[in-house]
Each structure stands twice: as structure tokens, then as C-alpha cells.
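Once you scroll down, you'll see the structures, which are given as C-alpha cells.
Each of the next two complexes has subunit A plus one more chain, namely subunit B in the first and subunit C in the second.
On to the complex of A and B.
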């Protein structure tokens, strides 16, 4: 079962994304900020990261920059934000995101992107 | 190898001031190359006239996390109109760390924030309104639930309402029930809002 790490400081958002992903048979873990996420990734790398931008301690940009600098298998990352300015999207890609989505993400849209990135289109 | 290269803080213990506490000297020390000197200046400026404006001006270009923390602590202690206006202005910054630090500082200022909270929650920029809801998360003020209910009743932006619902589930009471039901109807095509509102209603019932 492929493993996905949800990184978001909002508990409701984590739970919402968890339910969507678990319904599609992904194993999900959660982190509340970038530092906690980095610790989990270093302990056991994930197949995909679903990352919010605005978080305390270490935000989504910082987390992805640190993750991309580690000697780990470089799994894909989806960055999710409430912000819709063009430069946020550009910054997300520069930090190491593969896809940038605006909250709230509808279940079908999220699963489509996750499956594409994981090569699970026909699951 | 350190995990977080950019956020390592200088040690702050056993520091000694580099010079006496005259206001002009303290302002000059905010530009000192040594973070220790800048920290002392940020602490001691609290007693100087126009301290909030000077500290706010420096805050946005201060690279050292520990100095920024001292600046924010001093601004919080000052808590005057200039300090609060400057902290609010930080919410418009592109620097996510600065925004988060400002939010944390404003949470410590319930009496100063209360008179401007409705204005902040009605800001033109939905991101600022989301950050305003974030301030409410641990603002010890009796009107927090009322403000959150007003947000979910009136705000047109789905993410502002989503953030408010998340918080209402934690700090709200059954007083929010009708507004949560109205919100679900208003955003009937948004699965996240339906999910978050149902979760909040469940939490309020169990509280």
C-alpha cells in the first residue's frame, strides 16, 4: 500500500484529506507542521507528500526545500494553499512541488492528481 | 547535519549589554552585525519614545529568528496603537514566517485586538481575513465565538468560512448550530464545507 503524508496545521483539513485518500486505499500519516513532517520523512520516506503552505514553525515552502535537500528518494509533492496569487504557485514549484492546488480541493480532483503522480491511474 | 538550516537561533543565555541604554544608541545597535547586540537593543528600546515604529521598521529586515522574537516580545509588551497597526501590516507580508510570528504576537493582545477585530475580519483581502481567524484561535476574549459566527454567516469566501468552521468546532457552543446549518446550505456544492460543518456540529453536540 502506498504511503502518503498529509502536512497541514488544520486538523479538519487533515481529516478531510485522510478520509478521501483512505477511501482510495492509500496509507495515510499526518504532520502538523514542516518540522514534524521532515522528521517523519527522514524516519521512513513516503510515496507522496500533500503539503499546506501556511503552517507554524516551518511552512510548506521550507519543508519542501529541506526535503529536496535530503538524501532520500524524491517522492512527488502536491502543495495546497488557500492563496491564489500567481507568485505563490511559482514559489511552490521552485521549492519542489510537482502540483499546486487551491483549497478547498474536491475529492475527485485530489484523487486524480494523486493517482497521476503515483502512476495509479487505473487503480 | 542540522535539519533546519535557516532557523537556527543564536544562543540567548548569559548575554551582556555592549553599551549603555541611551535611545539613539539603541536604535543604532539594531543595525549591529552582532545578533546579541541587536537583541539587547530590541529589549531596551521598550522604554524609548517611538519604540514601536523603530522596532517595526527593523522587524521586516531582521534575518535572525531570535532577534525577531525579542522584537515581537517588546512590541507585545508595548501593545500600543502603532505596535498593533504594525503587526496587522505584517499579515500582508509575503514572508510566511513573519506572518506567523505576527499572528502569535497578536494572540497575546486581546484588549488591543478586540476593537479592530471586526475590521480585520472584513478586510478586502481574503488571506488577511483567514489570518484574522487564525488570531482568534487562542485570543482570550469573550467575543471570539460571536466573531466566528459572524464570519460563517456573512463571509463570501469559502476558505475564510472553512477556517472559521474549523475553529468553531473547537471553541464554539450550540449557539453556533443554526449558523453552521445555514453555512452548509450556502456552500452546498463544497464538499469540504459540508465535511467541516458536520464535524463541528458533532463536536458541539458532544461538548
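On to the complex of A and C.
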């Protein structure tokens, strides 16, 4: 089973994404902020990261920068944001995100992106 | 309720509380940027959460709050008390919605009005500050950002700043229609200089004469000053205008005040903003499905007919009706613009304006963008129109794709992913983490390859990708991968909308070839090279904060803890049976060794049970801050309402006590604090006259003293006037004339706790109807607490509550009388003495004795309980006297004998027995018998 790490400080969002991903048979783990996420990734790298931007301690950009700076097998990352901040998309890509989605992400939209990034054939 | 919603509600409460606290803290430190950032993050996250559900009212309000906090955070809007008030109101509203959702599983339909009002007040705060010259800066930055980004950028500031929604629908439709005829719309923000009247200007006339004026409004720049302070010769007005004139003409018109005018092009689609009551229904779902289909098949006539029918069926005030009117208008004006139509239909199907708006913003942004990048184009109405039509192509592609089936949706998404990876690879910065970024992009591309390429072609392509990745890593630039992409991927996939990105790609590809050629001369072909050295390339070491992953805590349902508590209670009782068993083993069966074994074992079980009990009690402990935390807000609100200035000082918030105690504390404390604010602390003028600082101080202090929590509420107000109390009590018939003469000031002050007492001349809505203090006493009594009130006239009032740490276990002393055992709570026991019969005197009809120089009245417990037996004396003819505390006095209870003290789990009396006030409750003893625990206050 492919492993996906959800990095978000909002438990509601984590639960939402977890349910979507688990129904599609992915193994999901959660982290509440960038620091925690990084620790988990360092212990054992994931196949995909779902990253929120605004988080305490270490935000999404910071996490991705640190993650991309590690000598690890690098997996794609989806940055999930609300539309509130202009220019986030560019910043996300610079920091190392591969896809930028806007909250709330509809389940099928998220799954399509995840499957494509992981190379899993549709259905 | 589904678990996601449950999670949302519970988290939302935490967030709301956090937001309230942060706002309170900001009040004291308005410049604290970190606090501001944290506050923004909370509002932002909460909004994000609410977006997962269909609570448009809630999301709308939170969105406005978020935008406002964003503006505050970035220094565009100054923090003010007014702002805090608005935000608190908004959060209260959200909290109320949460309660409603929790209670009914859904939200009532009546909140649209409130939410709109709240949103408006929040937006106004933002616009007022943002309309100044700084505003121009932000727009420019936004534009610059848009220009630098290759794809559409959600530029929230644009939408937030243009209050398009306030323009009446008819005016917007008119302008839209006009724009459809080939005119370009402009939004004008005109901020006349304050001194303009002295310069011979007439802003109103100038604004009125704006060519092709479609709509306009005038706003006050700041809240109106009091009439007396108003300067009639100072212009305090801002003008917002919507016009269909070309920019050149506008610039000509405003040529004398160009520095005060801001002209922004407005794509006509930005005006398509349905408004109204957001109720919907299943019938609209059907309509949306049909509409999507009709649009996909190009049957616009059918679509217009459907919309017309639907419109007739709908209440014109509904949001949906507004959307339908727009749909009809768009079909009329620009039927060829399928993209925009599809967007509107999508929005219709969701009944959600925000989604429509977010797409709209993209359009708006790109329109600006084009305006900036090609400033040379003169009256370029045509151009902008094209831009705004072509930009939403991406959404429409997806929309159509969905109609065609998931496979093509997937293809679109695939193309978008590849285009994005191109963009990422084409980034020209050179950060330390670049190798990781390249690897990640390669990983994303590998995923795309696997789903899009025939299995037999896959190995070759993957090898190619690997090689290109290695090359790119060696080169420390995405160019090599881009070049490979152009060679491999694009022919099949580049039919997407990513021309821009593709163009970038090809430019970079050329560079790459050049670079590669150069590289190959200087550097040998590249086996896996170590990642290039950048400064701090692997700079992540373990930091101190990493180790602390936050306190690990669990949220547990209260019922579970209560159950645990009950179980341990039963276990304590069951365990107490063992000594009896041991006694029986020895006495009845004569096996002394077994008895000893049982006793030994009992000691072990006893220790474990006690520890367990202690552990569970610890779980139930809560800090006093749980009650204290609501006071900053309460005190702030009340004192402002009363026009008083109050500093609230909280101390010892970390003091812990049992959950029940803490909860029981809430209401009494609230009453006391309200009383202090209402009756205690004087108005600032009065205080100044009395030589006190204008701001009163109210202190809430908690501390643990042995096994009790002591809470002190102290104010420096006017104190309690004992004479006023006496008179009032007499007038109310609470005391008779003799008492009136006799009682001292301290006793008089305590009269405020008498039932039905109120000193306030006027009943105010704040401290209740004057029933406050006796309610306080009852509530404190209920948890075995005590109250002490002292007051000094003109200096303030000091009230101290002393409460037990826990109510779960009651320590009782067992006494025997008439052969029966009774429990007396140790809380009320002062001492046990044996008094010689000779030392007992009869005063009138009462018995009394002298203990350490004080007369202590004596009562026989048999007499009190109606047992017709005289107290027994021991061999030395001494009577057992249990001295108990009753208020501030001591009373001696005559009993037959004292026994041990015991921790018991007191069960309140239930059923018919609940009506017997003489007993506080009952407890099960180890031998299975029932111990009745007396309520000392009641029997005396």
C-alpha cells in the first residue's frame, strides 16, 4: 500500500482527507505541523505529501523546503491552500510543491491528482 | 451526526476560544506581530474547515474575518477596538451557528441577514482603511505578482477591495450589457484631498460628470466625528464609481486630480455576481444537471428556455433566481462565451457564490495582467474582452471533460500536472533544496508516465526520465529534464492550455542545450554526482523544538471518566469487605493464618485502589483557568456597557480542582463579578473625585490551601455600606427592629447573602434581578464550600470562596447513637471531646458547656433525629461531644460514641428518600451495610 502523509494543523481537514484517501486504499498518516511531518518523513519517506500552508511551528513552505533539502527519495507533494493569499502558487512551487490545489478539494478531484502523481491507474 | 462534522464542531469551538483569547491579548499588545499572525492563522484555518461543509453563512463571515485579519497582519489596516468588537461579534455568530448545527444537525435558514450584516461591517473596516493611498500600493503589488506568475493567481485583495456586491443588480446588469456592446468598464476610486474645497474643487460635481457613469456611491472615509468637532470645510468623503468610458477619456476628465484617483479596468464578468437568499432545493440540482448537459451539447436555446421556466418558478429574492437572471443575460449578450457560461452553471449547481468568485478573480487578475503587460494598446476594450473570455478555459475544459466521462477529466488533470512540473523545472532560482525539487518533479512525472503510456513503452521512457533526472541533478538545473520532456512528452500531451508554460519550456530548452554543450566540455559525463554544494545544503539537524512534539493529550468523553469514577467507587467498597472477611475467617472458622493472608492481601489491594483513585482524580482535575478565561471578555463587555474602566487581574489560573467543582464555580463567579462591576466599581468621574485611579481593579485569585481551593474576588470599588444593608434588610422584613439595633457591620454585610436581598436602587439587567448573592451562597453550599465577605466602605470588597478540591470522595467520621451508626462529614467536624456530665449546664431549656472559655451549645443527636433515648455516658460518666462548625459558630452534638473516620463515595438520596433533608446521602460499607450520612446544617 502506498503511504501518504497529510500535513495540516486542522484536525477536521485531516479527517476529511484521510477518509477520501483511505477509501481509495492508501495508507494515511498525519502530522500536525511541519516539524512533526519532517520527523515522520525522516523516519521513513512517504510516497506522497499533502501539505497545508498555514501551520504553527513550521509552515507548509518551510516543511517542503526542508524536505526537498534532504537526501531522501523525493516524492511528489500537493500543496493545499485556501485562496486567501495571492502569489501562493508560485511560492509553493519554489518551495518544492508539485501541485497546488485550493480548499476545499472535492474528493474525486483530489483522488485524480493523487492517482496521477503516484502513477496508479484509474479505478 | 457524521464524524467529520463532529470533529469540525469540536475543533471549531477550540478555534473560537483561541480567537477570543488572542483578541483579548491583542488588546493589551496591539503591535504584537506574532500574536496577529497566530490570530490570522486561527481564523484562516477555521474558515478552511468550514469550507468543507455547506455552511455558506458561516464561511462567508469567516472569510470576511480572514481577509480583515490578513489586512491587519500586513499592516494595511490598523488594529482597533472597533475591529476587535466586529471580529468578536462575528465569532459569536459562528459559535451560535455551531451550537445550532450541533443541536439540529443543520443550520437554520434565518441567518442570511445576520451574516450579510456581519460581513459588511467587517468589509467596511477593511475598505475604510484600505481606500487610502496605501491601497494603491497593494493593488500594484498584486498586479506585479500577477505579472510575475505565469498562471492565474487568486488575488484576494482585488476582490476584497472592490465592493461590487453593493452595486444593485440592475445597475450591474446594465453595465454588463453595456460592456457586452464593446465598451470597457472601469472602476474608479476617487479620494478627494481633505483641503479640496480650498482649491476650488467640487468633488461631487466632478464625480457626477464622470463620462458614461453607470453607478456610483459616496462613503465616509472615517467614522463621522461628533458634530461639535466636525470641520465642515474638510472633505471626508470617498467616491466609488463604475463607468463604461475608455481610460483615456477618464484620465482627461480627472486630469487635475489624477493623484487622488485610481482607475482600474473591470472585466465585465466580475459584475456577474448573483445575490440573494441562498436557499435551494433538489429541483435546482436537476436543473443544474440539465443545464450542464445542454451546455455541453451546445443547445443554448434550450438552456435559455429552461432558465426562463425555472426563473418563473422561483422567488425572485432567491440567490438562485439572481443567478438565473444572470444566466439569461449572459446567454443574450455573449452566447459564444461557453467558458463563462459553464462557470456560471457550475456555480448554480453548487449554489455557492464564493466558488464563482474565485474563478472570477482569476479572470480579473489576468485582465489586469494583460493591461499591464501591454500598456501600449490604446482603448483596448476588445483585447480585455478576449482575455476575460479566454482565461477561464481551464475550468471549462474540466467541465466538459466531466460531461464526457472521467477518462478525459483524467487526461486534463494529467496535462495540467505535466504543465505544472514544466513550470517548476523552468524556475530560475537556485535554492539549496533545488536537487530535491527536481527529484520530486521527476517523481511526479514518473507517476504521470505510468498512467499515460502503454506498458511496453514504459521501461524505455522511465530510463530516459532517469537519465534526464541524473543530468539535471548534475547540472543543478531543471533544464535537462525540461529538454527531455519536450522531446518525449509534449507531442502527445501538449494539447493542453499550457502554451505559456510550454513557451517558457522551449526557451529554457535552448538554454539547456547550450549549457549542456558547455558542461560536457568542462565536466566528464556524469555518473550519479553528489548533490551540489549549496550553503546549508543539508542544514536540517535535530533542533530543540523537534524533540517536543507538543503535549500529547487525548480528548475523552466525560461519560467515560464518570464511569471510571463510579467503578473505582465500587471497587473501594468491595475492597473494604476484605477485613470483614478476615475477621470472619478468624472468628467463625478459626483459621488465623488465612485471616492473616487475607489481611496482607488487603493491604496490597488497598494501596493499588488508592493509587488508582488518585490517578482518576488527577484525570478529572482541571485548571481554574477554565472558568477564569471567560472573564476578560465578560469584564470588557460589561464595563464598556456601563461606561466604567476596569482592569481585570487574574492570578493562579493554573490552580487545579475537580471538574465538578470547577464547573460549579462558573455561575457563582459570574454573579460575583457582575455584582462587583455593577455595584462595586464606580464610574471614572466618581472615582477621580474620591481620589482613586479612574480605572478600577478587579482581581480574581485562585490558590490551593491544603485540600481546598480558595478563590478570592477583590475589587477596589465603593465597598458595601452596612447601614444601607441594614435599612434595606429591615425594609424587606428580613430582620426585625431589635436585630436592626443589635447587629454589627460585619453581620450586616453578610445579609447580602440572605434570600431575596438586593441593594441596588434600580434593578439592572447585568447583575440579575438582585437575587445574585443568595444564589451564589446556595451554589457554593452545594459543593460544600464556604464564603467569606469583607468590605471596607470606599475601599472595596473582598470575597473569598473556599471549596473542596474534589467532591468525589467524602471523608466522614462515624459516630454511634442508640446503637446505630451515622456518618458526619469531616468538613464540618471541629473536634471530639468527652465532657463530664457535671460540666454540662442547662441554660433555659438548652444544654451547654464551656470549652476553652467559650460557651458551646449542646444538642443531643437522638433528640434531633427523634430517637427517644438519652445519650449514654462511658464508664467515667463522660459524654461524647462532637463539636461541629455551623457557619461561624461551633455546636456540640451529644453522641454515644465515636468510631473511625472513613473515605466514602457519597450517593445522594434518591426517590422518596430525596425529600428527607436530614441526610446528605448514603454510602455502602465494606460489610455490605449502609451508612447514613447526616446533613449537619439541616438537622441543627
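Basically, the second predicted complex is superposed on the first by the 119 of 123 C-alpha atoms of A that agree within 3 Å, B and C clash if a C-alpha of one lies under 4 Å from a C-alpha of the other, contacts with A are read in each partner's own complex, and residues count from 1 in each chain.
Everything that follows uses one rule, which is that contacts are C-beta pairs under 8 Å (C-beta built on N, C-alpha and C of every residue); 3 or more make two chains touch, one makes a residue touch a chain.
Please read these numbers as outputs of a predicted model, since none were measured by experiment.
S.K.: Put the two structures on top of each other at subunit A: do subunit B and subunit C fit, or clash?
M.R.: Clash: subunit B and subunit C overlap once superposed on subunit A.
S.K.: Classify the contacts of A:61 with the two partner chains as first (subunit B alone), second (subunit C alone), both, or neither.
M.R.: The answer is first: A:61 touches subunit B but not subunit C.
S.K.: Touching A:15, do we find subunit B (first), subunit C (second), both, or neither?
M.R.: both
S.K.: In the superposed model, does subunit B or subunit C contact more residues of subunit A?
M.R.: After superposition, C is the partner touching more of subunit A.
S.K.: Just to be sure I read the superposition right, which of the two partners does A:107 touch: subunit B = first, subunit C = second, or both, or neither?
M.R.: first
S.K.: Looking at A:38, would you say it contacts subunit B, subunit C, both, or neither? Reply first, second, both or neither.
M.R.: In the superposition, A:38 touches subunit B and subunit C alike.
S.K.: Quick one: classify A:87 as touching subunit B (first), subunit C (second), both or neither.
M.R.: Once the two structures are laid over each other on A, A:87 reaches both partners.
S.K.: By the touch definition above, which subunit A residues appear in both interfaces, subunit B in one complex and subunit C in the other?
M.R.: Dual-contact residues (subunit A): 10-13, 15-16, 19, 35, 38-39, 54-56, 66, 82-83, 87, 103-104.
S.K.: Under the definition above, what is the set of subunit A residues touching subunit C in their complex?
M.R.: Touch list, subunit A to subunit C: 9-13, 15-16, 19, 32, 35-36, 38-39, 52, 54-57, 64-77, 82-90, 93-96, 98-100, 102-104, 108-109, 112-113, 115-122.
S.K.: In the complex, go through subunit B and note every residue touching subunit A.
M.R.: Checking each residue of subunit B against subunit A gives 3-7, 94, 96-97, 99-100, 104, 126-127, 130, 158-159, 162-163, 165-166, 169, 190-193, 195-196, 199-200.
S.K.: Spell out the part of subunit C that touches subunit A in their complex, as residue ranges.
M.R.: Residue list for subunit C touching subunit A: 3-4, 7-8, 11-12, 38, 40-41, 44-49, 51-52, 63, 66-67, 70, 142, 145-146, 148-149, 151, 153-157, 358, 361, 406-407, 409-410, 413-414, 417, 420-421, 423-424, 427, 429, 431-437, 439-444, 446-451, 531, 537-540, 545-546, 549-550.
S.K.: In the complex of these two chains, what residues of subunit A are touching subunit B?
M.R.: Those in contact with subunit B are residues 10-13, 15-16, 19, 35, 38-39, 42, 53-56, 58-59, 61-62, 66, 82-83, 87, 103-107.
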